[in-house]
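The following pair of complexes shares a single chain, subunit A, combined with subunit B in the former and subunit C in the latter.
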Partner chain A sequence: MASWIPVAGLAFVLIVLAVKAWPAVVVNGFGFIKGSQWLPGNTYGSVVHTHGVAHPSGSSYGAWPLIAGTLETSLIAVVIALPISLGTAFALTERMPGWLSRPLGFLVEILAGLPSVVIGLWGVLEVGPFLAHHVYPLVADHVPNVGPFRYFKGPVGYGEGLLTSGLILGLMIVPIIASTTRDLFLQVPALPKEGAEALGLTDAEVARRVTIPWVRSGIIGATVLGLGRALGETMAVAMISGSVLGKVSPTIYGTMTTIAATIVSQLDSAATDGTGFAIATLAEAGLILAAIALAVNLCARYIVSRSGRLAAPVGRG
Partner chain B sequence: MAQMNQVYASTRRRRVKAVSFRVGTLIALALVVGPAIWLVLGVVVRAVPHWQWNVLTTLSQGTSGGLENAVLGTLVLMAGVAVLAGSIGVLTGIHLAENGSSSRGGAFARGAIDILAGFPSIVLGYVGYIALCVGLHWGFSLLAALVILSLMVVPYIAKSTESALRQVPTSYREGAEALGMPSGYALRRVVLRSALPGIVTGLLIALSVAGGETAPLLYTAGATNNLPTFTLLHQPIAYLTYYVWTDYNQPTDVAHYVSYDAALILVVLVLAMLVTARLIVARTQRHAETSR
Partner chain C sequence: MQEPVGTKTTTSAVDPVLARLDPDRDRPADAMATEALSLSFGATRVLSDVTMRARQGTITALIGPTGSGKSTFLRTLNRMNDKVPGFAHVGDVTLYGESIWGPRQDLLTIRRRVGMLFQRPNPFPMSIRDNVVAGVRAHGIARGEQLDVVAETRLREVGLWDAVKDRLKESPYRLSGGQQQLLCLARALAVGPEVLLLDEPTSALDPLSTDAVERLLRTMTPALTLIVVTHNLGQARRLSDSTMFFFNGRLVEHGDTEQVFSEPREADTARYVNGLMG
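Take a look at the complex of A and B:
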């Protein structure tokens, strides 16, 4: 009856999370989602009670910057990763000799297997400084100062922040989307493609009118799985985001943080709150993250279930 | 022709599109392959010039010293995950493949596995800390780390086991049944045997994931500069990713070297696992080629 163990494990996790988060839900209320302060209060001072829950005086928590950071970085990641993954999958499957596509495909697999803490190390030491010195200034100087482009204006910082995190997350989810898409492309039967080519369609037209429509639901499913990975990714973002609590970044270069990165970096100090309220608040943040990841994942499973694909674990860190 | 041109773009325009599509796919490939090589080389270039083999035989002193405890700790964690998650995952996978979702247990297990596979690992780590380390008074311990890591990779092992079993040709099962084998015996001797490479490959990839984890371990395995003791409770256990995470932004160069060395060992470890998995797949595919 081993198959009941995952069921029991999941139930255990959800129950612990809900029970632990309950005091924070009672005190923080709906303001938790809108608010943007992250004040642990005076943990050595007097304890006050709100709705019967003890917490340090002056404590005030709002998770909006974390939620916004999580959604923003994941959005950047998917926007970057989807076209690159599709292009990679096409390049690896169409008109590329096996002696070249096999090692390149293996390189993509390696990228999928590298620990996120190593990718974070590379991101913060090499990619961030490189982009901040050579790429971001060019972008910031040359975009017009109108409308939504203002988001790309302003000081570019030192390479730790929203855009770098999003780009690195994008690179981390490319293997998930690309390897699934590559396998899907290989499953598309040759006859329709050859027929289309015999009618005089170019490679690009075959791709757009035959190959992609044939496996569309699989691509959508893989993309949403990648999105799930980006939402839950912890270590790389904790190292690259700049870990700034309490405000939403005004520009795309600014420092920020996500729910997952906050839990990993704040749990230590939260444990010093004698009332246990800071820990409960982190549980509430975790519950929100789990809810987002769950919604995204169920969507993906629903879409993928219709194309019957196996997927690697996505909730990693 | 005039009519055609209203429906389809001109030949010249189509040719430009076709070429730019080709160039676009190659640029996309370069944007994946380039950073992947940059990443691996970046770690190698930072670690190798200062690499000393005694890193593998000296205990860590936090921000200096070697990584013997972390290497052994990671290996112990991987072995533990192989036993715990391996047995649960493979059995669950067999259950899913043999009974399908027709039984209520199968449907529940499949739902739970799908959700767990996408669960943020830091939230699992948090629950491990709150419920196991603090709630059950296990302290930072090997068992807490193993339970949380296993919870994370069981879905993957179960899924890969299930798909390996489903790829066994139906004729094998039918042949075994025609010979009068009881279904349990046929499962053990015929079906499992031919699915074994697929199962082992899934297990290896799951182990490489477990070995590279940080977030679920930080608050369950704890931190220590001692060798792993095989005590299940109340003893923290060291692991490689911890030193990458804690030492990269310390002020001293020595600490940076510890971080880079740990990253290099992790990369080599993951590469070894993936290459092994690849070899197993290649070997079995060569044998399966004739039957296709």
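Take a look at the complex of A and C:
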């Protein structure tokens, strides 16, 4: 019985969100996903009706920059965090004596509990400016100006934007992925690892060929957990992204925003819309975020079920 | 220390001219040997002063009660104990006359030359075919389509080919225990070892699979030198040319298997092989 409580809770949240978002869904239509403009309209002017829904004249919303920003920052975060996390877990389980790995592992878990607003503050005051002054120019000046590399060209700004957001998000999800992966690595039985060592494989090859594949589905699960956190992370991104509505950043350094950051930064002004249409639009954006998170989870389940073909049987070996 | 037993087939006895043409004429006759080897973990000494020789192409059985140090001894021969905290050794182990801890020795190469088969089958979490070629790939011995040839050759060698040829891309964990162990044997053989260490290789297998593995092992000499830890005295007697009896961290007796079993020199050996101990 108790197992239905989370399901009922989730259904309740989604239904309320959908009901709140419905007027916006009707008016914005499919253009909401493709469009880039974010115009609340004249909230003190005349009210117009579209498909029977009241909204301020001149209001026009498109969420594509938010969706793109959400996906881009999360992708950067996972690309950064996954290798660091696997390396951390590997170092903690294979390379360090117990007296060192236990406190360090504890430290990693503590990092997961750092409030995101604190990390955001650190990111916007220290990390961003440092990267913009000392690191980004090196990259931007030295990548070739061809094809996909152009994405890494252009003005690097002042440290607020897509890349900084992605990097900080990556740092935030490292503890989640690393601590889960460490626990997984500890479960891998010694016998297959010894077999690989006895065959003359290097430690790195043992990790790549035996240890990581042995717990592959668990690592995918941990990564999705981290990805979910990155997709939904609000405060840190709201502080670091530059909070620029209305366009997708043309380079990896540009200012931008995400769905979650927009919802929190626009909520105040949306409340001034007497028709409630701006709030409905934010609810619609929230619905899209929930859909993305759900889709990511379903994809992960599919990958896990596929990778299970060659995976090791539980409790054996 | 008595003379270890082996096949006495040196070409010099046949024809001195032929002997000089033998490319292996300077190769030591002993594949593996230890010299006053003592092993300890921290303050605990587990094995003292073992001197032995394993002549190329012979099968040596290591017998003795649990805790006698024979498994530790075996795992030292391919340096598996090196990374165990507190492990220390005195004396030396040589592979064809060269110390396995020598400054010019590469650990990964030692392990390629001295293979190992474990107590229980330990296939890797990859397809059957990838299991066979895992070591070959890591050592860069073959690549691309050659790997398929290696996989087929080795699987045929261990008699597993017909059973798995239609499911090379499938998980090895659905094979029976005996088939898994044969797969691990194919994997160990694929990198071309000179010595194969076997740590109770059939203890987890049923009698039929045990028989299959034993028959296979007997066909591998003289190209390969085998050193087998076993609790199965019948197996030691059936399989090996010479037998080493370990007791309380010492090598009590080493001799021709027939002699060790029928006319043991030491009282402890006699008690053990007659089932009065262990």
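Convention: the second predicted complex is superposed on the first by the 288 of 317 C-alpha atoms of A that agree within 3 Å, B and C clash if a C-alpha of one lies under 4 Å from a C-alpha of the other, contacts with A are read in each partner's own complex, and residues count from 1 in each chain.
Please note the rule applied: contacts are C-beta pairs under 8 Å (C-beta built on N, C-alpha and C of every residue); 3 or more make two chains touch, one makes a residue touch a chain.
Keep in mind that this is a model prediction, so the values were computed, not measured.
Pick one for A:Trp122: touches subunit B only (first), subunit C only (second), both, or neither.
A:Trp122: touches subunit B, not subunit C.
Thinking of the overlay built on chain A, is A:Leu267 touched by subunit B (first), by subunit C (second), by both, or by neither?
So A:Leu267 only meets subunit B here.
Once the shared chain is lined up, is A:Ala283 touching subunit B (first), subunit C (second), both, or neither of them?
In the superposition, A:Ala283 contacts subunit B only.
When both complexes are superposed, which of subunit B and subunit C contacts more residues belonging to subunit A?
Of subunit B and subunit C, the partner in contact with more residues of subunit A is B.
Would you check which partner chain A:Thr202 touches, where first means subunit B only, second means subunit C only, and both and neither mean what they say?
both
Touch check for A:Leu191: first (subunit B), second (subunit C), both, or neither?
In the superposed model, A:Leu191 contacts subunit C only, not subunit B.
With the two complexes superposed on chain A, say which partner A:Phe12 touches: subunit B (first), subunit C (second), both, or neither.
first
If we overlay the two complexes on their shared chain A, which of subunit B and subunit C does A:Met235 touch? Say first, second, both or neither.
first
So in the superposed three-chain picture, is A:Pro97 touching just subunit B, just subunit C, both, or none of them (first/second/both/neither)?
The answer is second: A:Pro97 touches subunit C but not subunit B.
Taking the stated contact definition, name every residue in subunit A that is touched by subunit B in one complex and by subunit C in the other, in rising order.
202, 205, 310-313, 316-317
Can you tell me which positions in subunit A touch subunit B when the two form their complex?
1-7, 9-13, 16-17, 20, 83-88, 90-92, 94, 104, 106-111, 113-119, 121-122, 124-127, 171, 174-175, 178, 202-205, 207, 225, 228-229, 231-232, 234-235, 239, 260, 263-264, 267, 279, 282-283, 286, 289-290, 293-294, 296-298, 300-301, 310-317
Using the touch rule from the top, collect the residues of subunit C that touch subunit A in their complex.
Of all residues in subunit C, those touching subunit A are 78, 80, 85, 107-112, 115-116, 118, 120, 122-127, 134-135, 138-139, 170-171, 173, 184, 187-188, 191.
Inside the complex, what are the residues of subunit A that reach subunit C?
Listed in rising order, the residues of subunit A that touch subunit C are 97, 191-192, 194-202, 205, 209-210, 213-214, 216, 309-313, 316-317.
Tell me, which parts of subunit B touch subunit A in their complex?
14-15, 17-18, 20-22, 24-29, 31-33, 35-40, 42-43, 46, 87-88, 91-92, 95-96, 105-106, 108-109, 111-127, 129-131, 135, 151-156, 158-160, 163, 205-206, 208-209, 211-216, 218-219, 241, 244-245, 248, 259-260, 263, 266-267, 270-271, 273-274, 278
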